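Next up is a structure, given as structure tokens.
Chain IDs A, B, C, D and E follow the sequence of writing; residue 1 opens each chain.
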Amino acid sequence: MNALDQLFVSLKQWLVGLFPTSLQLGVSVFVSAAAIVGVYAGLFAITTWLERKGLARLQNRMGPNRVGPFGLLQPMADGIKALIKEDIIPQRADRLVHTLAPIVAVVPAILALAVIPVGQNMVAVDLAAGMVFFFAMGGVKEIGVFMAGWGSRNTYSLLGSMRGIAQMISYEMPLVLSALVVVMAVGSLSLVDIVNAQAGYHAGILARWNVFTPWGLGGFLLFMVAATAESNRTPFDLPEGESEIIAGHMLEYSGFKYALFFLGEYMGLFAVSGLAITLFLGGWHAPFSFLAWIPSWMWFFGKLVCFIALFIWLRGTLPRLRADQLMEFAYKFMVPMVLVNLVAVALWHFTAGWTFLGGGLLRWVLCAALLFLPFLGLARLVSKRPHRIQRVYRFAE
Amino acid sequence: MGFVFPLIATLTVLGAVGAMSFRKSIHAALSLVVALLGIAVTYLGLGAEFIALVQVLVYVGAVAILVVFVMQLTRSEGGQGEGMAVRPAALGVGTAGLVCGGLISCVVLLPDFRTPWPEKADVGLARLGEALTGDYVVALEGIGLLLTVAIIGAVLIALKRPNKEETPE
Amino acid sequence: MVVTARNFVGSYYDPDRLPTIEYPEKRQKLPENSRSFPMLIFDGEDPEAGLRCVACKICEKECPPQCIYIVAERDSRGRAVRHPKIFDLDISVCMACQICVEVCPFDSIKMDTAFEMAGRDRFGAMLLHKSELAKSDAYFHSIHPSEAVGSDARVEHIKKPAGRSQAAPAEATRKAA
Amino acid sequence: MSKVTPFPGQAESGGGADQAPGGMQYEVSRRPGVTDEDEVLEVAVGPHHPSTHGVFRMDVKLDGERIVSLKPVLGYLHRNHEKLGEQTSYLGMMPYTDRLDYFCSLTNNWAYAIAVEKLAGLQVPERAEYIRIITGELTRLFNHACLVGFLLHDMGTMGTPLMYAFREREKVLDLFESLTGARMMCNYQRFGGCRNDLPDGWLDEVSKLVAEFPRWLDEMEQLLTGNEILIARTEGVGVLSPELAVSAGVTGPSLRASGVNYDLRKVDRYGIYDRFQFRVPLGEKGDVFDRYMVRVLEMRESVGILQQAIRDLPGGPVIDPRARQRNFMPPVGEAYGRIEAPKGELGFYLISDGSRRPSRFRVRAPSFVNLTILEDLCLGHTLADAVAILGAVDIVLGEVDR
Amino acid sequence: MAPLHQYLLLSALLFGIGLAGVLTRRNGLITLMGIELMLNAANLNFIAFWRHSPNPEAIEGVLLTMFAIGVAAAEVAVGLALVIAIYRRYRSVNLDEVDQLKG
């Protein structure tokens, strides 16, 4: 099955081979870039369709079924509509900042995708410090949000962009620290090494993924919460809270620039889910050894679609958090929990030597306990539910 | 690939000049971001890949946003358009020109800056890590302490004290 | 979260969880009582002669938004004939409240169920004239069967077998339904 | 007085008192310590806004995210309803009452019918009373269900509970269409009873729906009441103290959520409500969560009433045969008929001078009165809360602006 | 890679621009940005000389730059806090008006 697995790699080598050696470097860079943009833009179209159909089915509706069979051409229709729509720039807006904002919002998200290993030796750029590159690109995205908010000189978009930046900054720390846990365990910043460290199978069956370790599970959950906040998805979709500030920083945009913003948001979503898969769910490894014959890139994109389905499910169900609750949750719950997780992985590292009979299990339970107890304490501090909601409702005759 | 450095250098200088001369301070902040990105790319040119990434992460990701945030808070992004105050500008630019001229002259005159680049092993991250936690661990802990103290100090200074001393009306 | 999942899965097999009716292809069966815009009833074949309406203008007076306009026919000597020359109804003004049906002593105006009245022209197309409003009694029986039976009894009572008598029709005996 | 700038960011117009559209000047209550030059951001949560339940504007002054002052601006949907009442006959006004609170047309008809019956002293047959109660309680069911849906939609769920509520509402609207002919604009009640009798098979449709409704309610509660974020967003937000509620004349579920036991069905015992056993849920704190819970509990009570009404629905005429509809001329006098509409106390005040047209046609709309306390609820909260509070106050602009 | 002296020229130019900005502009934020530029120019020098050093294993230059970036970030944080405090007290950001020593 190696042929199918390495299909794309051999395809690229064949393509690069066509050119004279002097041009080969440029061509291989171009082919990788084209592959990334092509694949993820296609995935973006599928996700918009999936989102509309999924949300509809959650809400007892049909979802698009008029444009093409089962509404499959709906993303095409949306794209054409975005292109045709008139592109209005508010008269008082700051032209340059207003037009540059979508570009600054989209480009970093796509660049971040370059670092994620999609399949066996199928990674566009194998940086030694891949993780730092990913988070650097995450940082640049915020400037795009600010430029959009400030550029359109509108109170709602100003409020939206301020909320957006505050949210992104305060959730960047838990995101980076929960990813740091894996770096400490694996010992390298390069994503390819992290995926290779998760190769192999426990007792021949279960894959050796990080998520099956206590600190991995904790890290995964924390990472997912921070990722939802970082990519502005419900229940943290405050910057573009429709019912309050309409479309937040994207308010004064129409036509193609508005579509660019959504492209940026979804690329951010793919990037963050891709990173979660690489760090905790074993990148392109199969979960069980007997399933290993399926090509590697199919595993990666399969998991990515599952993540997208999870985000859509979340978006259909949960209401939105308020701005101050969001911040309180970030600093009072996420940051302490992530620090505890660092301690847990250190404990895991130093108890690696316990190979006696109950050692593995005891080690697992010990780390899990070290994580779970602070979780209970912090949850009580932040949550409102347990002690204050017993409302007694009198019934008058 | 020789043309890369001059292009990036001019971009950085233009960004820096913009950062200092735009009337609207928001434009100044955004052109500072351009300058910082230019410097990050020059680091890549020099082979210090990790530093370039850290530079983008710290400066563009955090410092620029902080500056822009404070501009919003202090309502100075409108830019009263004070631009370069004429009289002191001559003095300021003059002294800066002198300092910069001195630097450039010593760079141009001293011969030993023209020697070719030696072979440099790629700085492995692992070696960097060991050095940091090895013989430079004191500096690492020092920078950690410094950052925490700075954050706490910043919060205390900027804290909005509604009651204690009312701003004189 | 579980509830939305149950709805998501349910929408594939449980009809209750997917009530959508794809309108142009599949149509919802309208209940018998449903009403859209008024129509004039005529007996027999000829819509002009068999028109029940006697141009008494009660519905024109009673209609809350005043959307009916009637001009009675004049015979050679200028005396009003019990037949409307013009009976215009502006369906952009009409709010389908069925007051005209209740107050009409001659059961000549009833509520139709055809609701696809969209037209291209905002004013002309929306003003339905007598010819477009007139519908046969058989059609009335087909859309409102139970109501039609009741109205037939009253109509027989009004129309004496030999032509319409001049005596005030059952004004005294009839109450609006 | 604070300066009024209709568009944010525009040059500050000169000093001027707070101009309400009608030229009325009133002091804007404001949190101490916040002067105008501070970062007071003026936002017009304008008539064209996704969560104002219709055309309704709130001029909000924000200090950061906190609301400093909130001034509701109404009148966008004013259709001159009451003057129209003085030019149209009594029967002609009945279809217009559907357009007041276009969400619950049958309770509007009922209130108007009660007012005219009080004016003319008409008797309503038993069967008509039961039909009125069945249609009234059905309206209350889907009104509260849709309110919960809209409230959650304002708080950010992408309309999922709203769609579930609309699914139930569709069933009830189909019932109304088969009974009265139209889904929303029913125009079904007449002075002295109802326009036509129940079509056959209608009643067991209703009982089937009433049997299924509690199952839907449990599903909604499972989705919402235990929801951590909903509790965080509504608990302690927009607290309405009983004293303020009573003095401001707030009625309906918002009043009962603050713990005041005032339900017209128990106070006036109009129609034949005294024959039914049902309880009135009262809240404890009066915040948005209580208003949500009181409405959910009221839905359960309404289901109980409907079951009792279906069980002992008598036969007999649907309308008092002696009542005249067309040239209806009530004796000279005045009357005020009021019912417990889903949104509060809906009242019609009519003065008759013996002619075919009322000489004064006044509507006491619950939404309008409940809206007066919006600013007191929202002071100190953030903009997101103001939207949730407005959702919980449950206003419909057709009724507010008349 | 361009010869070493061009990198030094670039950092000298940046330093000059930063200094000019600090000296001429009255807005507190622009001065902070000027200081930021000067710090970056210095870091650029460190990296240029590190790359130029004959000893292949030397990484002191990179380490020093990382610490310099850390210190610069801390400095900006405190500087901005000061600017906010000044704004709250004097209602404006122009450093010329900040001339009273009283608290």
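Everything below uses one rule, namely that a residue touches a chain if its C-beta (ideal position, glycine included) is under 8 Å from a C-beta of that chain, and two chains touch if they have at least 3 such contacts.
If you're wondering where the values come from, they're calculated on a predicted model, not measured in any experiment.
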Chains in contact with chain C and also with chain E, listed by label, are none
Most contacts overall join chains B-E
By Cα centroid distance, the chain farthest from chain C is E
Cα centre of chain A to Cα centre of chain E, whole Å, reads 34
The distance between the C-alpha centres of chain C and chain D, rounded to whole Å, is 32
Chain B to chain D, mean C-alpha position gap in Å, rounds to 59
The positions of chain C in contact with two or more other chains are 3-4, 7, 19
Multi-partner residues in chain D (2 or more other chains touched) are 160, 164, 167, 223
Residue ranges of chain B touching at least 2 other chains are 50, 54, 62, 73
Chain A residues touching chain C in their complex are 54, 57-62, 65, 313, 316-318
Within their complex, chain D touches chain C through residues 88-89, 91-96, 160, 164, 167, 170, 174, 177-182, 185, 187, 195-196, 199, 219-220, 222-223, 321, 324-326
In the complex, chain C touches chain A at residues 1, 3-5, 7-8, 11-12, 17-20, 22
Note: in the complex, chain E contacts chain B through residues 1-10, 12-27, 29-30, 32-34, 36-37, 40, 43-44, 47-48, 50-54, 56-57, 59, 62-63, 65-67, 69-78, 80-85, 87-89, 91-94, 103
As the complex stands, chain D meets chain A at residues 8-9, 41-43, 49-51, 62, 65, 152-160, 163-164, 167, 223, 227-233, 235, 259, 261, 263, 266, 279-285, 289-290, 293-294, 297, 382-385, 387
